[in-house]
């Protein structure tokens, strides 16, 4: 029987956000979801400082949602240690109204039976925001 | 939470990852040795160099070594190089006072044990050539702690430090190939 | 490199390096350098055929292969992107991989970028593998520096002189992190001893920063808007970090790497034929150590070059007119900055830290336990 | 172009194991030796060495440095390292060989997925601001991709299971495979979801392993190998990172890489695809426009063995193996990087 070893690699990183992601996370705290408009008129969520297809700089933030549509989903029946909820939930591609792209986020639907592509959802906000993406704690069925 | 504008531009994210695995057979046997107060290594069948702890191969010849190549080396040796470290504070750093970080070439080994503490002598008298002996923990307090397959740790869970033997210093030519 | 396409540096960009660039995200930092390089080349992301990205360990920022998400920030969609990681030499290696893509005629326009945002994490933590009892790079290099001092008989003020020279040079470089107008021998001497014999002011800072270069083929170099720098030689060498008989004061990999670039560039006497050098000097003593370790100076002569002022801006062999790693150290980018600054010199575009008439420049980066080397020679005219 | 013809002339890999004994360099030492022996090369003759690995997978900053010991880095060697799958190390070596001043190269890739929980580790590979803090794991992402395929009518859960059955059956002949055997589609479909709509058979195993490949140019390749596996073309392309900002049901970067590698859609005797999750095989087949009946993943592919950071280079080795021993004349190897086929490499090889 060989000996077991454990190594923990741990650090509290401090990320500076810049203007776009900074505004996005600040918006979540105020219960607002911000996207950003590309030159072709598309609205990206989450907002990026650049058009991911061309690298062109973007700066026109626009509010989207709060209603949204599930475009794809999977059920996490047994959440792991890094997952945002401690009870079963869905990871989903969620497209807020007014946005042309979807964000990978969390749907707290209680049961996989309630999940379907096309499901309408609304945000549930974290009571005590901590300036992270999960200040939008989860999406819940409308 | 502060409402200072700058706060909006910073995001704190704790990243914590755990790596769990059994010690390799070679290191497990090395720890068995430490428990009994023995220091084991492998002798390269090609170049005859001895590595402590064994790697399972000779990095110079790139040939594998096995238990058949096992040798025991002494718990005495010579300091071949050192630094006095003024610890820098960082997340997880437990040291606060200056400490010795010495390389010790054990008698019978061809590879330094790095990062050893030297006790029983003032920091300003630590020197290359100093003859030292292992300060073993009591057998019941020895463990495999800190020894991993990633190359971290060597003898620290069984040997707290090295201390002068009070022999005359080793002549430089004896450790010239092992300065670092 | 023999028989390949000529490679030219036609665009150079770097960020303003700072202790903490709290005004930008990581994509913002990297784009700042990339867009400056593209502007210099009068190009846009659309003109780029391929990208090469370099940085030091991912744990410095806590992101695995961050170039995957940075692809979106760099207009990389639909293009090849390589990620190089060769410890501290990585910026140099990244430049060289980019040059290889052009010299092999696989691509015509390559954007090579390297970066580090050290303030997101902590390099001392990273160098310690996240464990206690970290010794830092200074702790690792100090014994070798002591050995150099003993071997060469150099006086201890040599280290202070280099520390002052590079910081004075940095005052001429608006991008440099440290701007120490009151730097002096006394201040260096009186700064705290960190790792005997290294004092605080003999050590590099920890910086956020990025560097980017646009590399093109010969035709691209010929039609460049501003003077190009020609990549005349590149070489990399690696060796084991610790083994019986190793000489880490003068690592063989560094000797062979230097001789390889001199041979490629047709340089017989590097001290006379090289006009300016940008060398990776994170601790002051590495200037004389590499002058000797790369056979620019004979044994024991490197420190005399420092002492005689030969490596100052106005000297016969200026080293690190940009202020070097001692003034700005975004680790992953530090190696590429050496290549970029060497290229700026032969392009005549180094501004206040320009060495007049620089036509041949040496760039060098090293990493790990002084075991990884990446070197290059840049010229104002191709041979 | 003859002067820059470059071929695979040697290779070796460890068996993929759920938990391999020892560390990466201990896996690599015998593997590198075996690949060099097959090529008939002494390590001192190697002109260029390039390695692929991932520090975070190994478990510490600068972890890759130790792997240098497997390359025999004394006396000093000309060497590089990519923080990518070993297939990209091969790409860097292939670029280096174009210059003509050296004629052999050694590449290797290695990874141990057993020490860290992949579900905890790999979220850190995603956008650090909007994805990593949510702990979005690779299996969940693959499930989002799978459901998109189903929703578009491009695939069914049965299709996924059939890929798994073929993979496990093919792996019976692969001594390096970790998951092998005869399986029944109906029985697999009766299993519970791991992440709806994916079941356990749709996922790769957690593997430890290493692979080494030796390349040589022109005459040297001919001299060292009776039937070298000539690289007719190799290219790689990346895509947008954010999963919600691209169409997960297709892989345009694979199409483009194949085109640039010179693949014209013609017949292939073998294709080895880094379809790490079963739904990705169909995406890749469509992206490559593989002719009907192409023998895809005769090794069993990543569903049978997935030593991350080596998986892509294993694909190249598996295709080369079949060309060198005469079983195949023309083959295509595909490697992938990142999540959801973000970055794709295609290597086209021929026996003549």
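By written order: A, B, C and D. Residues from 1 in each chain.
Operating definition for what follows: a residue touches a chain if its C-beta (ideal position, glycine included) is under 8 Å from a C-beta of that chain, and two chains touch if they have at least 3 such contacts.
Source: prediction; values computed, not measured.
Common neighbours of chain A and chain D under the contact rule above are B, C. Centroid distances from chain D, each centroid being the mean of CA atoms, peak for B.
Of all chain pairs, the one linked by the most C-beta contacts is C-D.
As a whole-number value, the distance joining the C-alpha centres of chain C and chain D reads 33 Å.
In terms of their C-alpha centroids, the spacing between chain A and chain B amounts to 45 Å. Put simply, the C-alpha centre of chain A and that of chain C have 39 angstrom between them. Shown for chain B are the residues in touch with two or more other chains, namely 9-11, 13, 15, 17-22, 24-25, 59-60, 91-92, 149-150, 152. Shared contact sites, meaning residues of chain C that touch two or more other chains, fall at 22-23, 25-26, 59, 61-62, 71-72, 76-77, 122, 125, 129-130, 240, 243.
Chain contacts: chain D has residues 56, 59-60, 69, 71, 73-74, 115, 117, 120-121, 124, 128-129, 132-133, 240-242, 245 touching two or more partner chains. Remark: chain D residues 49, 54-56, 60-62, 64-65, 68-69, 71, 73-84, 88, 91-92, 95-96, 98-101, 121-122, 124-129, 132, 235-242, 245, 252-253, 256, 337-339, 342-343 touch chain C in the complex. Within the complex formed with chain B, the chain C residues making contact are 22-23, 62, 122, 124-125, 128-136, 139, 142-144, 147, 192-196, 240, 242-246, 248. By the touch criterion stated above, chain D contacts chain A in their complex at residues 56, 59-60, 115, 117, 119-120, 123, 128-131, 133-137, 140-141, 143-148, 151, 193, 195-198, 240-245, 248. Residue ranges on chain B touching chain D, taken from their complex, read 11, 13, 15, 17-22, 24-26, 55-57, 59-60, 62-64, 149-152. Within the complex formed with chain B, the chain D residues making contact are 19, 21-23, 25-26, 29-30, 32-33, 43, 56, 58-60, 63, 66, 69-74, 112, 114-117, 120-121, 124, 128-129, 132-133.
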